[in-house]
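Across the two complexes that follow, chain A remains constant while its partner is chain B and subsequently chain C.
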Partner chain A sequence: MLAIAERINGMFSNVKKAIIKRDPVPIQDLARRQAEAGASFIDLNVGTAVADQVEAMRWLVEVTQEATKTPLSIDSQKLEVVKAGLEAAKTPALINSCKGQPEDLEIYVPLALKYNASLICLTMDKRGIPQDIDGRVEIAANIVSAAVEHGLEPSRLFIDPVLFPINVDQKQPGYMLEVFRQIRYISDPPPHINVGLSNLSQGTKERSLVNRTFLTMAIAAGLDSAVMDVLDKDLMYAAICAEMLMNKQIYSDSFLKVVRS
Partner chain B sequence: MEIPNIVERWSGEVTEVTLGATKEEGGTRKKIIKLGGANCIPYIDFEGCPGHRPVIAMDVLDIVPEEWPEVLLEPFKEVVSSPREWAKKCVEEYGADLICLKLDSVHPDKGNKSAEEAVKTVQSVLQAVEVPLIIWGCDDPRRDNEVMPRVSQAATGERCLLASATQDNYKTLAALCLADGHNLVTQAPVDVNIQKQVNILVTDTGFPVDRIVMFQTTGALGYGIEYVYSIQERERLAALSGDKWLALPILCNVGYESWRAKEAKARDEEAPGWGLARERGPLWETITAVTLLQSGADILRMLHPKAVKAVKKQIEALYTNNA
Partner chain C sequence: MLAIAERINGMFSNVKKAIIKRDPVPIQDLARRQAEAGASFIDLNVGTAVADQVEAMRWLVEVTQEATKTPLSIDSQKLEVVKAGLEAAKTPALINSCKGQPEDLEIYVPLALKYNASLICLTMDKRGIPQDIDGRVEIAANIVSAAVEHGLEPSRLFIDPVLFPINVDQKQPGYMLEVFRQIRYISDPPPHINVGLSNLSQGTKERSLVNRTFLTMAIAAGLDSAVMDVLDKDLMYAAICAEMLMNKQIYSDSFLKVVRS
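== the complex of A and B ==
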């Protein structure tokens, strides 16, 4: 699966401090550790550390690229910040993220094409995030057709059906599994299916256990990408094992090591 | 109506492995062989690059084969006591792409000859032919661990292919191949999981992945060919899907396994209803080889010149028709 490493985010106080002081050391340390842990993308989110987010994103991209060759995920809700990140990135990046409504897709899909980037689209529109299965799948289908129309291949499109914290609505994880299954039938080949995994366990105890249990269930239902804590070894092992059990890789006694190397 | 494009695209590619080294590269071979490079299913090459052509290694033994049927012995009867002449005949007369020298004579039950004698044999064959060499131990781990270091050293720089490393006995041979610049056969008994594991273990010792050829052991037509076929097919599909631990060329021991079959070796008087032995045996070997080619085989170890000729023709046709 594609593991999008979440730790370089201005919400974390050490990252926030580093961004304010423009201190590359903690950022590059996180970048290296996450790359070694098996990250497919390193997510960069400047958070609310500084007023000039555009400049902060450019700086983050530059210092991260000095530490690792792993592709970057440019994480912002602001178009200008995303553009600044894409411009600074040396290798094709991932845009995280845009809403699944036509007016946003009209901007972000061509943007992804222009920068040879991949794109995460959330199943939300003007009405917000549908709480049911059908509403999410409907938006997902609209996203896929908009992407295909513009010529963005499904292999570069990530549908994110938006995972809520478990203590907000406990029916949601079960719904999500069905959403994953249905998204897989929208196109052939299907788009990637992504979630922000750590959202699920916000405000709970046993966060790691909650995250990895859901992740294995989700992989069985077709999820193949997550913004997640790649430094959580148990979580990474659970993902690798789940994929092996789903016949995504051939078993060997060293199967845990193989994916990570 | 637009016809949908159903061409599959694969993300992986079979690693390229080179056998033999020229003078410039530190060896004495006039001919080198490249294997691998495929990035599509065998012979579905409108989906990608089929890679280098499969090659045929003809077996040369360092003892006179005692149990071979007459039909198989006949083409070699004047050379069986000289590995040097035998190898020459295979290359010059029968068109072998390379030679697989099988060091049976060091086996405790087949002569228990010394490492010095094995070294001499290897040197004489290297001098006699200009094609790359596979050097295959006697499959007795104790004797192989004694003999192969000497043999490997004697062929330093020739970039031979040494066989074979198993899950339980890989360290010596991997170290030798690394030190003396050879390639290595990793072997697993019709088991894709163990094959992957032995490849990982070998590379964990620092051995480069682009010097490994996989050997699943082989089953002949009627004797487990379907198991070997499906394992090799699964390996190749995994390779094309990006599993670098299985993205390696595949070797099959077609000749030896085919001629163990009673259908291949039975004499005319033993099986009057089965057709003439001189046709039947080579056909059995040919069909086994051609079938395994479809699963992605890269090196075929073969025996009978008639079968070699037929399979070479088939390889030619497979490549020409798809060009």
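== the complex of A and C ==
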């Protein structure tokens, strides 16, 4: 699966401080450690507390690229911040994220094409995020249609059905597994299926256990990408083991040592 | 889910020794610890190295019952050993196991009814265990039919599709998840779905990780029973968490402390 490393995010105080002081050391340390842990993309989010987010994103991309060749995920709700990140990225990046409504797709899909980027699209529109299975799958199908129309291959499209915290609605994880199963059949080849995993355990006391348990269940249902804490070793081991059990990584006695690509 | 505690088995040398010497201490210690760990049934298997298996099973049932009130699972391939165990058991037990072929079902289903017991039936017949999904589901359907015909309720029937070691055939775990999903639709209410979990990791170096990863994926696919190592805390936590995520146990901050029934 594709592990999008979540830790370089301005909502963490050490990252926020580093961004404000333009201190590359903590950022580059996190970038290197996450790359070594097996990140497929390093997510960069300047947070909301920084004054000039466009300039901050540009700086973040530059210092991260000095530390690692791992592709970047440009994470912002602001179009101009995303553009600045894509502009500064030397290798094809991932856009995290756009909403699944036509007016947003009209902007972000061409943007992804222009920068040879991949794109995470959330199953949400003007009315918000559907709470049920059908509503999410319907928006997912609309996203895939819009992407195909513009010529964005499914391999560069990541559908994210938006995972809620378990303490908000306990029916949601089961619904999500069914959503994953159904999204796989929207197109052939299917788009990637992504979640922001840590959302699930927001405010709970067993975060790592909740995250890794759901991740393995989700991989069995077709999930193949997650924004997640790649520095959580138990989480990464669970993911590798789940993929091995689904016959997506070859079993050997040392299957945990497989180099992640 | 129902956790059938596997540790009182003559294949373990300390248990074998205790059975031969008729020393109740190690047995009763294991019985208590497994009951405290949340076992729904305590499996009793005298192993194959003991001389008088019938007498050994009777003794095993008696000493275990002195230590715990947790129901017992009488585990033997020999009919007379199973009968001795059922005879000695004070509370309704589980028979582990019979094959899914008509001539065996004709004996074991009435036996379960006679002793008010539950029954694990393996999806295997004279030709062996089908390696594919359809073959297993077909035998499962035959088992359910035979049980219903005799008047054994689905709640007392455990279908076991027989889990192979991962290092034997890596396609099997994925097949098994599909088998679980399909067995759920054979009857309404469905039978229990069981596996001998530790089989999966036989001969591997990451037994606990492999076991708990598969168990969570299996719970998401409908598995609700396993013969397993209830003394493996990580495994039990994973099972509890998976059930909570599937909305089968209520979430609270201390969901791991939920008393298992």
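The criterion applied here is as follows: the second predicted complex is superposed on the first by the 257 of 261 C-alpha atoms of A that agree within 3 Å, B and C clash if a C-alpha of one lies under 4 Å from a C-alpha of the other, contacts with A are read in each partner's own complex, and residues count from 1 in each chain.
To be clear about the criterion, contacts are C-beta pairs under 8 Å (C-beta built on N, C-alpha and C of every residue); 3 or more make two chains touch, one makes a residue touch a chain.
Bear in mind that the values here come from a model prediction, so they are computed numbers and not experimental data.
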- Query: Here chain A is shared; do chain B and chain C fit on it together or clash?
  - Reply: fit
- Query: So, does A:I166 touch the first partner chain B, the second partner chain C, both, or neither?
  - Reply: second
- Query: Does chain B (first) or chain C (second) touch A:L209, or do both, or does neither?
  - Reply: second
- Query: Which partner, chain B or chain C, is in contact with more residues of chain A?
  - Reply: C
- Would you check which partner chain A:S13 touches, where first means chain B only, second means chain C only, and both and neither mean what they say? neither
- Task: Pick one for A:D253: touches chain B only (first), chain C only (second), both, or neither.
- Result: both
- Item | Vertex chain A angle, Cα centres of chain C and chain B, expressed to the nearest 10 degrees | 70
- Task: Compute the least Cα distance separating chain B from chain C in the superposition and give it as a whole number of Å.
- Result: 7
- In chain A, both chain B and chain C touch residues 250-251, 253-254
- Message: Give the list of chain B residues in touch with chain A in this complex.
- Response: 192-194, 196-197, 200-201, 234-235, 238, 243, 245-246
- Task: Flag every residue of chain C that touches chain A in the complex, lowest number first.
- Result: 166-167, 170-171, 173-174, 177, 204-206, 209-210, 213-214, 216-217, 219-221, 237-238, 241-242, 244-247, 250-251, 253-256
- Message: If we count contacts the way the header does, which residues on chain A are in touch with chain B in the complex?
- Response: 249-254, 257-258
